[in-house]
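Okay, so subunit A shows up in both of these, paired with subunit B first and subunit C after.
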Partner chain A sequence: MDYLIFSFSLMLVYIGLAQLLHIQFGMAGIPNFGVVGFWGLGLYGTGVLYLTYDVPLFIAIAMASLLSAAAGYVLALLVLQRSGQAVLAATLALSAIIATLIVSEKDITGGVQGLGTIKFPFGDMDGRNIVFMVFILIVVIALVWLSAKLRDSRMGRQLVAIRDNEELAASLGKNTASTKRWVFAVTCGMMGVLGGMSAPLHQFLVPYQLAPSLTFAVWIALVLGGKGHNLGATVGVFVTFGLFDILIETYAPVPAEQAILLPNFKLFCYGLVLIMIIMFRPRGMLGEDKPRVRARPAQAQGVPRET
Partner chain B sequence: MLLLDSIFIGLLEASPLILAAMGFTLIFYLNGFMNIAYAESITFGAYFAILFNVVLGAHFYLAIVPSMLLSGALSVAVYLGIFRPALNRGVGPTEMIILSVGVSFLLRYGLILAVGPVNMFLNEPNITYLQFLGMGATNLQLVALVLVLIAAGTLYWMIYNTGLGEQMRGLANNHDLAMASGINPHRTSVAIWFIAGCAGGLSGIFSGVFAQVTPYMGWNVILITMLVTIVAGVGSVRGAVIAAVAAGILTAFITLVTKPLYAEVILLTMFIAVLTFRGARTA
Partner chain C sequence: MFEARNMCSGYGEMAVLKDISFSVKDEIFAVLGANGAGKTTLLKTLARLLPVQSGDLTLDGSDVSATPAYSMPGAGVAYVPQEGNVFPDLSVLENLSIGGRTGHRSKAEKLDEVFALFPRLKERRSQAAGSLSGGEGQMLAVGRALMQDPQVLLLDEPSAGLSPLFVDTLFTSIADTRRDRGLTIVLAEQNAVKTLEIADRVMVLSLGEMHLLRDRADLSMSDITAAYHI
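Moving on, here comes the complex of A and B:
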C-alpha cells in the first residue's frame, strides 16, 4: 500500500512537471531539455536546507524553488534569444552540470553516498504519506487550473504569438525577450517546487535520481498526450507512467528473471510510441485546444475594438 | 610541459570525439536537425566489433572494417525507415530531435533486451607501452590516433574536394536549387548517412577498446558531440574538427589541473558561454 501511494505521488509530480513543460514548450515554444536539472535543484536544495540547516520543510521548499527560478532566469538571460536547438543543448548542458556538481560537491550534498533522511511533514500523524499525496494533488490541480487560466489570458496569447513568430510579436510592441525570460524563470521555479516536494517522497537523495531519463520521461508523456492541450500532460503521464510504472510493474505476472528487463522494455516501448506519435499524430492524443475567450458584446461603431 | 602534456593527452582522448563530431555535423548540415540517435551509431559500432572480435574471434584490427560498415548500414536503414518519411511529412526541427530521441531509445533498449545490460570488453591486441620525448602512450592509442587522423582526413577531403561533398553542400544550402541542377537528393543523402554512420561506428570501436563497451557509451558522449557541433556553427565540418580537438585538449588540461569532474562542468559552462556570445550563427 505504501508503495502504491509512493507511485501515485510520484506520478502526480510527473504530471506537474509535464504541465509546466506544456507552458514552456507547448505555449511559449521553449524546448527545455533540462527539466531534471531544475527539479533536482529543488530536490537537493530542499534536502540540504532541511537536513544541514534545520529549515522547516515547507520553507526549505520555497527557498530551494527560488534557487531553481534563479538558475532558470540566468540561463534564460544567456541563451533564450538563441535558436531552439541552442536552447535545447544549453538546458541539457545545465542539467548535466547540476548533476555533476551534486556528485563532486560531496561536503554539501553527500556525493554518491547520498543525503537523508527527509521525513514527511505533519509530525507523527498516521497516514501522513496519504496526506502529503493529497497535498501534491492539490498543488498539481492548481497548476493545471492556472495553466488553463494562462492559456485564456492575454499573456497566454502573447506566448503563442512568440512561439509562432517572435519577430511579429515583437513588432506589435510586445517585449518578447522579457516575457519569455520571466515565464521561463517562474515555470522553472515551479519545477523546483515539485522537486522540493519529491524530497520527502524519496526520503533519501542520491545523484542517480538526477539522470536525464526523468527529462525524457516527461517529454515523452507531454508529446504523447498533446503538447498544445491543457490536459495533454495529465493524459500523457497516465498513459506512460500510470500504465507502465504502476499497472504493469505492480500487477503484471512477470517471472522474476524477466522482471529486471522490464524497465528496459518500458523505455523500448516509449521509443516506439514516440516515433509513432511524431509520425502519425504529431499533435498528440488530444490535439490542441483553443483558448476560451468570452464572447464580447457588440461595440458601437467608431470605438476601436479591443482584441 | 603541462601544456604539451595536455595537448598530447587531449589529442589521444579526443580522437573518437573528432570522428563522432564530424559524422554528427554531416547529418546536421544535410538535414538541418540534431540527430540524437547518432549516439546509437557509436554504440552499435562498438557492439558490432564485439560481434566480430569476441563472438566470431577475429583479430581486433580485422574487426574494425566490417563493424564500421555495418554501423553505416544501420544508419542508412534508420534514415530510410524513419527519418526520411518524417522529413517528407514536414516534421519541424525540434520535433525531429524528439523523434530522434525516440529512435535512440528504441535502438538502445532494443539492444539491451537483445544482449543484456552487462558491460563487455573487446579483446585488445597485445598492448605495449611506448615512450618518447618524455610522453607515454600505448601502441593501441597511437594506432587509433593515426587511424582516426586518416579517417578524419579522408572525410575532410571528401567533403571539400569531391563531387559528393559538393552535392551535399549544395543540398544543404538550397535544396530546390540543388535538385534543379540535377543533384539526386536521395542518393546523396543515403551516401552521407552511410558515411556518418561509419564515422560514428569507428568512433565507438575506439572508445570501446580504450575502456569498455556499454549500451550507454554513445549516449554519454552525445551531449559533448552536440555542443561541439553547435559551437562549431551549423554544419561546418572544418569547425567541428577544430572544436572537437579544442574540447579534447581543454578537457585534458582541466583534468590535469583540477579534478576530472570539474573538467566536465567547466567545459559545459564554456559551451553555454559560447552559445551566449556567438549564438547568432548557430542553427
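Moving on, here comes the complex of A and C:
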C-alpha cells in the first residue's frame, strides 16, 4: 500500500514536470533536455537545507526552487537566443554537471553514499504519506489549470507567437528574449518545487536519482500525449508511468524469473509506441489545441461566402 | 521620418547594403531591385532587425541605429515581412490582436476598419492563420500592421505570389490607406509597373548599392530598367 502511494505520488510529480515541459517546449518552443537537473537542484537543495541546516521542509523547498529558477535564468541568459540545438545541448550538459557536482561535493551532498532521512511533514500523524500525496495532487492540478489559463492569456499567445516566428514577434513590439528568459526561469523554478516535494517521497537521496532517464521519461510522455495540447502531458504520463510502473509492475502476474526483464520490456514498449506515434500521429495522442476564439461559420451568420 | 546617411548593413560581419543615403518623407517610397538586390535587407534594417554596421539611421531626428526591434512599434513603425509574416498557430483574430496595443484608438475600432478593408479576414477570423491561402495571409499581415496605427508602414513585396487581380486590389487599398490616414509607406517591390502607379518616389537597388533615387514624375520605365542592370 505504501509503495502504491509512493508510485502514485511520483507519477503526480512526473505529470507536473511534463506539464512544465509543455509550457517550455510546447508553448514557448524551448527544448529543455535538462529537466532532471532543475528537478534535482530542488531535490538536493531541499535535502541539504532540511538535513544540514534544519530549515523547515516547506521553506527548504521554496529556497531550493529559487536555486533552480536562478540556474534556469543564468542558462537562459547564456544560450536562449541561440539555436534550438544549442539550447538542447546546454540544458543536457547542465543537468550532467549538476549530477556530477552532487557526486563530487560529498561534504555537502553526501556523495554516492547519499543523504537522508527526509521525513514527511505533518509530524507523527497516521497516513502522512497520503496527506502529502494529496498535497502534491493539489499542486499538480493547480499547475495544469494554470497552464490552460496561460494558453488563453495574452502571455500565452505571445509565447506561441515567439515560438512560431520570433523575429516577427519582436517587430510587433515584444521583447522576446526577456519574455523567454523569465518564462524559462519561472518554469525551471517550478520544476525545482516538484524536486523539493520529491525529497520526502524518496526520503533518502542518492545521485542515481539524477540520471537523465527522468528527462527522457518526461519527454516521451509529452511527445506521446501531444506537446501542443494542455492535457497531452498528463495523458502521456498515465500511458507510460501509470501503465507500466504502476499497473503492470504492481498487478501483472509476472513470474519472478521474468520480473527482472520488465524494465527492459518497458523501454521496448516506450520505443515502439513512440515510433508509432511519430509515424501515425506526429502531434501526439491528443493532437494540438486549436485557437480558442470560435465563431459560427460565416454562412450561419447570413454572410454570403465569396467564390 | 527615416533618414539614412552612408548606412551599411547586413548579416553578421558581412555587409550587404553599402553606403546607402536617403530620406523618407510623408510619401509612398518605393524600393525596387532584382532578386538579391538588398530590398529585404533594407526594410529589415529599418525595422531594426538587422544591425546598422556603419553610418547613421534616424527616425524623426532621433538616432535609432541601436534601437531594438521591439521598440519600433512604439515609435510608430510597422513592418510586414516578405515571408513568414503571420503566426500560423494563432487564429486570424489573435494575429490581428497581438500587435494592436500601440496608438490611442480602441481595438474594436481598428478591427472594424481592418475588416472593412479585408472582408475575407472577418469571415475567417477564428481560423488558424496557418490554414489561410497565400493571399489571405498577405491581407492578414497588412491588416495586423494597420492595427498598430503606424506612422510608417514597411511593406516587403506584398504582391509576391498574388493573382494579378488581387495585386490591383491590394495596391488600391495601400494607396487608399495612405490617403485616408496620411501614413508613410516604404514599399519594396519587384513589380515595377504596378509600383510606379502609386509611388511618389522610387529608389532602385542593385547588388546592395543605390543606383537611382528620383521622383516618379521625373522617371521613365527605361531609367528603371537601366538601373536594374547595372
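Just a few scattered comments:
Keep in mind that, in the parts below, the second predicted complex is superposed on the first by the 290 of 307 C-alpha atoms of A that agree within 3 Å, B and C clash if a C-alpha of one lies under 4 Å from a C-alpha of the other, contacts with A are read in each partner's own complex, and residues count from 1 in each chain.
As a working rule, a residue touches a chain if its C-beta (ideal position, glycine included) is under 8 Å from a C-beta of that chain, and two chains touch if they have at least 3 such contacts.
What you see is a predicted model, and the numbers here were worked out from it, not measured in a lab.
In the superposition on chain A, no contact is made by A:N129 with either subunit B or subunit C.
After overlaying the two complexes on the shared chain, residue contacts for A:A93 are found with subunit B alone; subunit C is out of touch.
By the document's definition of touching, of the two partners only subunit B reaches A:F268; subunit C does not.
In the superposed pair of complexes, A:V223 makes contact with subunit B only, with no contact to subunit C. Of the two partner chains, subunit B is the only one touched by A:V103; subunit C is not. Residue contacts after overlaying the shared chain place A:S68 against neither subunit B nor subunit C. Shared-chain residue A:N32: touches no atom of subunit B or subunit C.
Taking subunit B and subunit C in turn and counting the residues of subunit A each one touches, the greater count comes from B. Put simply, subunit A uses no single residue to touch subunit B in one complex and subunit C in the other. Of all residues in subunit C, only 47, 49, 68-74, 79, 81, 84-85, 87-91, 93-94, 97-99, 101-102, 119-120, 122-128, 144, 148 touch subunit A in the complex they form. Of all residues in subunit A, only 31, 75, 78-79, 81-86, 88-90, 92-94, 96-97, 100-101, 103-104, 216, 219-220, 223, 260-261, 264-265, 267-268, 270-275, 278-279, 282 touch subunit B in the complex they form.
Listed in rising order, the residues of subunit A touching subunit C in the complex are 157-158, 160-161, 163-165, 167-176, 228, 288, 290-295, 298, 303, 305-306. Residues of subunit B touching subunit A in their complex: 33-34, 82, 85-86, 89, 91, 93-95, 97-99, 101-110, 112-113, 117, 223, 226-227, 230, 259, 261-262, 264-265, 268-269, 271-273, 275-276, 279-280, 282-283.
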